[in-house]
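Structure first, then comments.
Order as written gives the chain letters A, B and C; numbering starts at 1 within each chain.
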Amino acid sequence: MLLEKTQIAETGPEGQEMFVLNLGPQHPATHGVLRVKLTMDGEYILHAEPVPGYIHRMHEKMGENRTYAQFLPNTSRIDYLSAMHYTHAFVGAVERAAGIQVPRRTEFVRVLTSELNRIASHLVWFGAFLLDLGGFTPLLYAFDDREQIMDLLEGLCGARLTYCYYRFGGLYNDVDDEFIEGTRAFVAYMRPRLELYRKLVTDNIILRKRLEGIGPIDANLCRQYGATGPVIRGAGVPYDVRRAEPYSIYPELDFEIVVFPQTDCMARYQVRMAELEQSLGIIEQVLDRLPAGPFQAKVPRVIKLPPGDTCYAVEAARGRFMVRIVSDGREIPYRVKLRTPSFANLALFEEATRGMMLPDALAVMGSLDLVIPDIDR
Amino acid sequence: MKSPLREVLSGFVSLLTGMRITLQQFFRKPVTVHYPHQTLPIPKRYRGHVVLLRDPESGQALCIACKACQKACPSDCIAVDGIKREGERRKSVTEFKLDFTKCSLCGSCVEVCPVDALEFSRAYNLASTRREAFHQIDLVRRPGASQQ
Amino acid sequence: MPEPFRLLVYLGGIMAFVGLNAAYLVWVERKAAARFQRRPGPTEVGPAGLLQPLADAIKLLSKQVLVPPEADRLLFRLAPAVVMAPALMCLAVLPFSERLGARDVPLGLVLVFAFGSIHVLALMVAGWASRNKYSIISAARVVSQNVAYEIPLLLVVITVLMMTGTTSLREIVDGQAGAFWHWNLFNLKVNPLMPVTFVIFFICLLAEMNRAPFDMAEAESELVAGAFTEYAGMSFGVFFMAEYANIVVGCALATILFLGGWHSPVGLLPGLGWFLLKLYALIFVVVWVRWTFPRTQFYRLLNLSWKILIPISMFTLVLTSVMMKLF
């Protein structure tokens, strides 16, 4: 089970014996293919160099060769754990550029499905993070809850992970009563489960000792590298794209931006657990206020955007995801730029883990919630 | 003196609480559906590979070989061909090959079809030892049952 | 029965017991882990997956045992043999019921702890002989972990020793005859903090056996695969079996010292059945703890021992001696 091999030992500037260790590209936990070259002095990390690119699938290049409608499946696959958000960003960018007015019902359904997706993504993070730390059981409890979300979304649009549900100006199909009843039942089921996770995991002294005070990432470091999402909210900065660059119907919904100022792994953990609670609240509001009406606006068969560029940012599960479309008037975009949160979050890994011990560095990596396809696109 | 002791005690209690929770879960039924001995019902809208819909009386495929799906597909999975037969208003399809090895189940072909001739099947347990089972599925020849 | 013949029968019996336990504790662990995680566990091989350990054994036997070229030839092959031996030797002195016990040695308690430390030596030999930087680091960690946890363990045992006044295991159990309030666990007259002592004993046992949450040595650990990285096939299987054998020995010892051995809780019909019941209840708790908690960090593991368990166990020791002197 040798996942790594050592290389030549050298002598560092202070005469300590250094060696280079490879972490990955295969990992025991569900991280994806990221290679990190660690220069270590005994147990301490001197320099951590992430080497991404093992799952580079050239989505941005594919954007230059496909029409806007043909690029939709790609959007789900950039970060497959929070696929709805990414489709929302792309669809939103095209709608913004073409001036397409989206019906109210569609906006509500998009927020509903996005928040369900956020919960599913955070549950995967929760399970994988604890797996990294050696607790095998909460992973399965989290996946049990996630199955329910995936079953709901499967009943809605037919796919479990890569949804491709939103269309320009609307949705692929309308929500039915079965989905709404199921979602209400899920919200009622999930709140006690969050309580269970709190008692089993969050309050657990072993976990607390493992995460408290480990891996401080302060607001300055986040700003230098552009880290967003729970990373920056765990550093005390109340930055959330849903409030900073409001989109869809988020201005009408009542939810808090959860911030924890401690900057350690525990703060980031608690931000995500609290976000689960907030998402459940948003889902309840949306269900109560879901308007009747059409779910698809009239859009031309072939979408051609006017020349120029458009951006649209969303708060994905991992941070700020932004799509920038540069159009030259044709039906195929000139350039599709995907600004992914995990790329920026990974960038601060090197500085954050200088001088740390290896298990702590892995806890930090888990707390950053990196999804490697998101880094490499 | 008091505080570390209290921390030890509260830490120990948190461990016992965690153990009680796992023990409660121990006595509940497993959530696993033991496939293949048990299966789950497949939702109506499940996205299996696309199939051609047929006219209930004549049994002929509704497809008019307009190639809209072929143009809409992002992955070049579809190859359609058709001829206009004598006495018919529209073309009828002679060949409809789906390359399921590249299909991403996006639904563009289903959506864009002007006569609603395509729909998703509910075939989820596709397994074969031959590449031909997926590489160029001939949808004209297949029965095209929409409920599977 | 002539003595050498009786000993041979017992030896065979003990080896069979250890072997069956090692094999079927794997099944118990996998099924229990599965139930804690709301899934069925092994079900395909044999009824309820009971033949799964057999399938695993066949798989391990069929793998090639690769000896790394730079490894120390003799020590590499010696380590799996040495790791199994202490469990067998300890079981020779543990009494299972009034009439079942290979050899009742007057210094049985001391013997068990003397032999128990050898398995750590075997792990160190395994790590060293592999000539793999990470195996050595991992093995060294195991040694320091075991040394750290020996101390509170022995302090607790000395407490029990003071209470019972004898090192013979059979006499310790005889002193707990009767219903469950006679057990050492509930002997609050002499040591009001006896349950705390038992908890400390149990924690130290978990650390000695390298079980989660103290399983740095063998975990699918964050970085290295542990002291047995280079072992493949059945030699790895032997380390695995030795771990379960040690669990059996540890829990048997806990049963004898604290839970009254083969005496029944209601004072009637003592016997082997009660001993096994208590033994397997404790093993279930060991498995339960493993699947509930994440792992600690290494230095916290040591901190727990040196800064928390040792002061508490010394305090209970002093308390016991004071209570015994005054009352």
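Note that in this section a residue touches a chain if its C-beta (ideal position, glycine included) is under 8 Å from a C-beta of that chain, and two chains touch if they have at least 3 such contacts.
On a predicted model such as this, the values are computed, not experimentally measured, just so you know.
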item	value
Most centrally placed chain - per-chain CA mean versus overall CA mean	A
Longest centre-to-centre distance from subunit C, chain (CA-based)	B
Pair with more cross-chain C-beta pairs in contact, given B-C and A-B	A-B
Distance between chain centroids, defined by C-alpha means - subunit A, subunit C (Å)	44
Where subunit B and subunit C are represented by their mean Cα positions, the distance between them in whole Å	51
Chain centre separation (subunit A, subunit B; CA means) in Å	25
Subunit A: positions in contact with at least two other chains	137, 141, 144, 200, 204, 206
Multi-partner residues of subunit B (at least 2 other chains)	12, 15, 18, 21-22, 25, 31
Contacts with 2+ other chains: residues of subunit C	36-39, 291-293
Subunit A-touching residues of subunit C, taken from the complex the two chains share	33, 36-39, 133, 212-213, 215, 219-220, 222-223, 225, 229, 291-298, 300
Subunit A residues within the subunit B interface of the complex	66, 69-74, 77, 137, 141, 144, 147, 151, 154-159, 162, 164, 167, 172-173, 196, 199-201, 203-206, 301
Interface residues, subunit B side, partner subunit C - complex	8, 12, 15, 18-19, 21-23, 25-26, 28-32, 34
Subunit B-facing residues of subunit C, complex	32, 34-40, 43, 199, 288-289, 291-293, 308
Contacting residues of subunit A [partner subunit C, same complex]	1-4, 6, 21, 23, 28, 130, 132-137, 140-141, 144, 200, 204, 206-207, 209-210, 357-360, 362
